[in-house]
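Chains: A, B, C and D, in written order; residue numbering restarts at 1 for each.
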Amino acid sequence: MSTLSTDQLAQLEQQAIELPSWAFGNSGTRFKVFGTPGTPRDPFEKIADAAQVHKYTALAPTVALHIPWDKVDDYGVLRKHAEDLGVGLGTINSNTFQDDAYKFGALTHEDAGVRRKAIDHHLECIDIMHATGSRDLKIWLAEGSNYPGQADMRGRQDRLQESLQEIYARLGDEQRLVLEYKFFEPAFYHTDVPDWGTSYAQVAALGDKAKVCLDTGHHAPGTNIEFIVMQLLRLGKLGSFDFNSRFYADDDLIVGAADPFQLFRIIVEVVRGGGFNSPEVAFMLDQCHNIEDKIPGQIRSVLNVQEMTARALVLDHDALREAQLSGDVLAANAVFMDAFYTDVRPALAEWRESRGLPADPMAAYAASGYQQQIAADRVGGTQAGWGA
Amino acid sequence: MSTLSTDQLAQLEQQAIELPSWAFGNSGTRFKVFGTPGTPRDPFEKIADAAQVHKYTALAPTVALHIPWDKVDDYGVLRKHAEDLGVGLGTINSNTFQDDAYKFGALTHEDAGVRRKAIDHHLECIDIMHATGSRDLKIWLAEGSNYPGQADMRGRQDRLQESLQEIYARLGDEQRLVLEYKFFEPAFYHTDVPDWGTSYAQVAALGDKAKVCLDTGHHAPGTNIEFIVMQLLRLGKLGSFDFNSRFYADDDLIVGAADPFQLFRIIVEVVRGGGFNSPEVAFMLDQCHNIEDKIPGQIRSVLNVQEMTARALVLDHDALREAQLSGDVLAANAVFMDAFYTDVRPALAEWRESRGLPADPMAAYAASGYQQQIAADRVGGTQAGWGA
Amino acid sequence: MSTLSTDQLAQLEQQAIELPSWAFGNSGTRFKVFGTPGTPRDPFEKIADAAQVHKYTALAPTVALHIPWDKVDDYGVLRKHAEDLGVGLGTINSNTFQDDAYKFGALTHEDAGVRRKAIDHHLECIDIMHATGSRDLKIWLAEGSNYPGQADMRGRQDRLQESLQEIYARLGDEQRLVLEYKFFEPAFYHTDVPDWGTSYAQVAALGDKAKVCLDTGHHAPGTNIEFIVMQLLRLGKLGSFDFNSRFYADDDLIVGAADPFQLFRIIVEVVRGGGFNSPEVAFMLDQCHNIEDKIPGQIRSVLNVQEMTARALVLDHDALREAQLSGDVLAANAVFMDAFYTDVRPALAEWRESRGLPADPMAAYAASGYQQQIAADRVGGTQAGWGA
Amino acid sequence: MSTLSTDQLAQLEQQAIELPSWAFGNSGTRFKVFGTPGTPRDPFEKIADAAQVHKYTALAPTVALHIPWDKVDDYGVLRKHAEDLGVGLGTINSNTFQDDAYKFGALTHEDAGVRRKAIDHHLECIDIMHATGSRDLKIWLAEGSNYPGQADMRGRQDRLQESLQEIYARLGDEQRLVLEYKFFEPAFYHTDVPDWGTSYAQVAALGDKAKVCLDTGHHAPGTNIEFIVMQLLRLGKLGSFDFNSRFYADDDLIVGAADPFQLFRIIVEVVRGGGFNSPEVAFMLDQCHNIEDKIPGQIRSVLNVQEMTARALVLDHDALREAQLSGDVLAANAVFMDAFYTDVRPALAEWRESRGLPADPMAAYAASGYQQQIAADRVGGTQAGWGA
């Protein structure tokens, strides 16, 4: 008897985790961005790298783009390039934090001209979505203020809603807007969309095609994230995940690296609320590989999500429910922990092989020589990073 | 030229801060509850003490009751007692955390019988509200779980809404329900109403007479509370404040004692959002005087709120707005800080005297002999605390 | 090939985890202490319950006492009672937080008389240690202040050192003093021993027989506890652990329940630093079973420590070291995670059976009827709690 | 009678706050560094700007340098340049976080060659100190790891001590080494000097010329910083302050901007412990003016420190002590708060004028035209930032 049932494997087979193109470029802290040999110089190379992750795991069929970092002249060509490599283009991420005009805000700015510029950027993103075939426009706003008194928080909130309405109105019938929230950074006093409640209030006022994006690293210390997952699913407003992990702030570490049990609890709640393998809820990564290799960093990440999903799927819901109903705290917790502590890795390795995938995707990638190849090939040019 | 204008003083004159009856009884930590001479033994003595706070400050015209701690045979008698002492009865607080039946929940409990009992308790509270003439039913729920897996968070959320709907339906036309949220404690893994978003979603589903209660000590570390004040006012759902202060968790210290600048920012946002002296937003204290004297602790608290309100009122909104619009961060912050650093205390002392109040209410109370009197009089019986 | 080697099992066989007597009595929050049938009424019954934990696990050979909660007329009788049940008496815990005299401090109090009383209490504890054969005097101090200005922090620190010196001087040659630190609670502004640095500075000034006690729930949010473990071992000052777990504050939940990966990292560092099965470092539990059954709660806890220790022991240090030296971040982390994700439970169950212990101690205890027996027997009297 | 006594003003006259050269260059977050007209292009221009701060406040007689950002061919020329502008060169700050070699550590690195390079950099800094006449070598280490298992924390701690010993040995008789600690960032799992305890243990092992540097933004949420100030002064190891303020992480905002009352408490403890105007304790700023103007940002900062020091000096220690000794919590807190709420600004303005300084340094600087001048003059070249 395997650890994982046929039904569970069938569910795992459908799992898809979108990769962020920017994870393949350089990233760092305000103190230093380290470069590495082989780092992509353009969106085409980023997608080539992303395709490697899918090749070895069959878990990452799409790649999210970030505009303007991934701007190209012809998105049809980029789309074809991706499809030739076995992947598709996914969510379009807007950027309103790197233009000098946005120093004091973008969609919330006091100045109508700056808001116009920021709205137009989003409309351009929607145009790109049509070209790339993307469904989701993901909006993360860096907006806020650093000093008490600096900004009129209420006015900004109202202007945010106005700006979002104009963007929302441009969405196609099958397109969605997902609004991310973040506790702090880069603003250090107030952030315009700091919590799920604000994102929820903003998107609820827009309409059915607007949802909340939950980044697992964007909460106050101690926040029970799986509770928020539950609540957003209950309210019909969980649109997508940005997975990563953190010890302190928005560390953007590999998902599952900091608190694997938290990741387990989150995925259990996704499954319980109907968000797993649902078209409603997109699984995405949003990470920075500041010091570790990027492609294997992404492979490790999707495997972490897959393994934790497998643990969530083996949870014995009948036994759990019985213990809950009887008020047996220790028994309920034991059922829960038993799933978490189940070592699903051998069964997953075996299953991968049965599907023509490597049992150990990390080892297979390392043995492939791809990393050496790109290090040798990608000489000259400018390595991609958060600025391009 | 006084620090405070005639108009500002007129606004301050209307300010009213409700006192919690339980602040006059003993409280403490799980480690120890210290008793003190003169502590009230029943609701009548609590109200007598609360009336002292109003006598010396003219700031605290009403007293909130906690059921069952403040249960009496005849609320008409209690109301008359209060009115004779110059105060009124205010918000009724329900209690679903001290009965053995509520070990695993009350309004959210898996068992319909326990939910019935908890709902009935709230219906009884509404009956009491009719007798006391109270407008608000305040609900703080201690419900949650201590271990992952122990509880079905989603089911509890749904049952909470059902239970609240039944309670809400019983409200009189002029009555309101305010739902408090709290980050954690006494539950240590999940809390059923942990954040403003959850409280907002729950009360929005009830109707116009349901609002959110914001306790200033009930947030995750680092939370920007004035942002939440702004947002709830914007959404028309800020019903009341429970003021207190904290360094770590729900410390329930004297309001303004831990971070006076935060209190200033909160009140500035209340004023900016139309919540000051508005019938929509009730100002209440919810504190524990574990080691300090209780009556002067309450006097100190209402004075802190009054002084900080005065600072908020002297904020030069025109200058602030001009600096904000010009993107002059330092100028905007300077206008803001100037109000905070203004020493309004001499002007307030003078104004108090002009109204026949003591310039220094703390000193006047200390000199009154009341504390010595109750210490001498209240001998025998059981000192009131959180159990009675 | 078993998951655990003979050598690893031999190390696990030596593992000993001390139980706190007070875990078998009632505990709760400031809001409510729930009682349960069968709760001990005196120290003898607490020890009988503790012996059950050892009976089913062979992991808990000693029981820590708390004075005055566990005061008896004749400690020789209590010691004999314990030995007859197969366990010994362990660490003596002092209590300077429940006497009215200690409202504003004990060992740090401004008043010499109060300090005298507190010092004498510790001297009495040392006398008890001689009677019980205990090695360690554990001091956790509830001392601090709630309001800025209330206390002279510097003077308190100096007085603390003076008081400790007098206590230290009374220790027998084979006895030790371990000083616990705690971030906050029950004091809410400043705590006199709030961090490991303070505890270290205080005990370093005392001498070799004074060490630091690390309670895993007593840190600021985000603190890297395993780093402190490393540092204290490096400095030769780690005396003991109080194991428990937390999501928010000092929640005192079952060890390993909140963040099992953190527990793993802590034990890895204990092993790496020579603190495992060392006479220098005592493993103890300090938990509250507010809502779950107490005896199985303790069984679950020692099993959690045992299982996590087994995972720490299977860590491939050679492979880890190689990856660290090569700067291969992902490989090093993979070796580390592989140990954590190894399911040691089947091997441990088998090994238990080979030693005449139940494979599943939780099930064996549940089947024993002991719980029902004590519920039936222990009728009348006063259930033990934090006051007795 | 003025708010400030002659004696208090005499103490304030001696106050000196060192400015960081890098505060005048551009800084930002990992998301964006905004440039501004007039930003210095080299160390000479930075010092010219710093001299403006001193010109208008008489509070900032020295400027700290950061090597290699402030490397020049001839430090004698730079020193002369500073002296001509009325300021001196101060603390030398080393930098081991921007060279590619330091990706996995510097003074703690596994590789002896990298450690050699990092030690040599510090020896070069000491050479520079001789040329500049600087007393203090300040070491902040960015070292740590991002993933559990990545690093051998214990080995790193030992190597850190070895490296520091070699650096310490090179110090001149009148020179000091101050070791800064930081909770996290840029490392996100473990940091090699994360807390005051570690810094204290490291410098205590070096000798009398090694001290701790306390950066007010480098602590875990909720940390009582004034307690650490007290403790380090008590242990004779507080060497210097890096002042700034934070709401969340190491936000590096203007000192006093986030929690002015905390700054007050810190300075009260400095005064109480003998650290004010003591050669032992250097006051420095370490801030980033990401969005506000830099020179006025620094002027605002030193004024904030001065104003808060004045409030600390008016604290009535006799009344405070009396209230503390009588256990009157509210009275003690009232004395404390009274000092904080005292508006010292008018008295300070008057005093400034009496010394030939502008009453309002912010206004005087704004009116001077310096900002417009440098914006016009400093065209071309590369604006200084954290890389240069």
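Rule of thumb we're sticking to: a residue touches a chain if its C-beta (ideal position, glycine included) is under 8 Å from a C-beta of that chain, and two chains touch if they have at least 3 such contacts.
Since we're looking at a predicted model, the values are computed, not measured.
> Would you indicate which option in B-D, A-D or C-D repeats the interface seen between B-C, with over half of the contact pairs matching by residue number?
Same contacts by residue number as B-C, out of B-D, A-D or C-D: A-D.
> Check A-B against A-D and say which one is joined by more contacting C-beta pairs.
A-B
> Counting only Cα atoms for the centres, state how far chain A is from chain B in Å.
One centre to the other, that is 40 Å.
> With chain centres taken as the means of their Cα atoms, state the distance from chain A to chain D in Å.
38
> What are the residues of chain B that contact at least two other chains?
103-104, 146-148, 183-184, 189, 221-222, 224, 247-248, 254, 257, 261, 291-292, 329-330, 333, 337 - these are the residues of chain B that touch more than one other chain.
> In the complex formed with chain B, which residues of chain D make contact?
The contact residues of chain D facing chain B are 221-222, 224, 247-248, 254, 257, 259-262, 291-293, 296-297, 300, 307, 329-330, 333-334, 337, 340-343, 345, 362.
> Can you tell me which positions in chain C touch chain B when the two form their complex?
Residues of chain C touching chain B: 27-32, 34-35, 97-98, 100, 103-104, 142, 146-148, 183-186, 188-189, 221, 246-249, 251, 253-254, 257-258, 290-292, 386.
> Name, in rising order, each residue of chain C that touches chain D in their complex.
Touching chain D: residues 103-104, 110, 145-154, 157-158, 183-184, 189-191, 194-198, 200-201, 219-224, 226-228, 230-231, 233-235, 261, 265, 269, 272-273, 320-321, 323-325, 327, 329-330, 332-337 of chain C.
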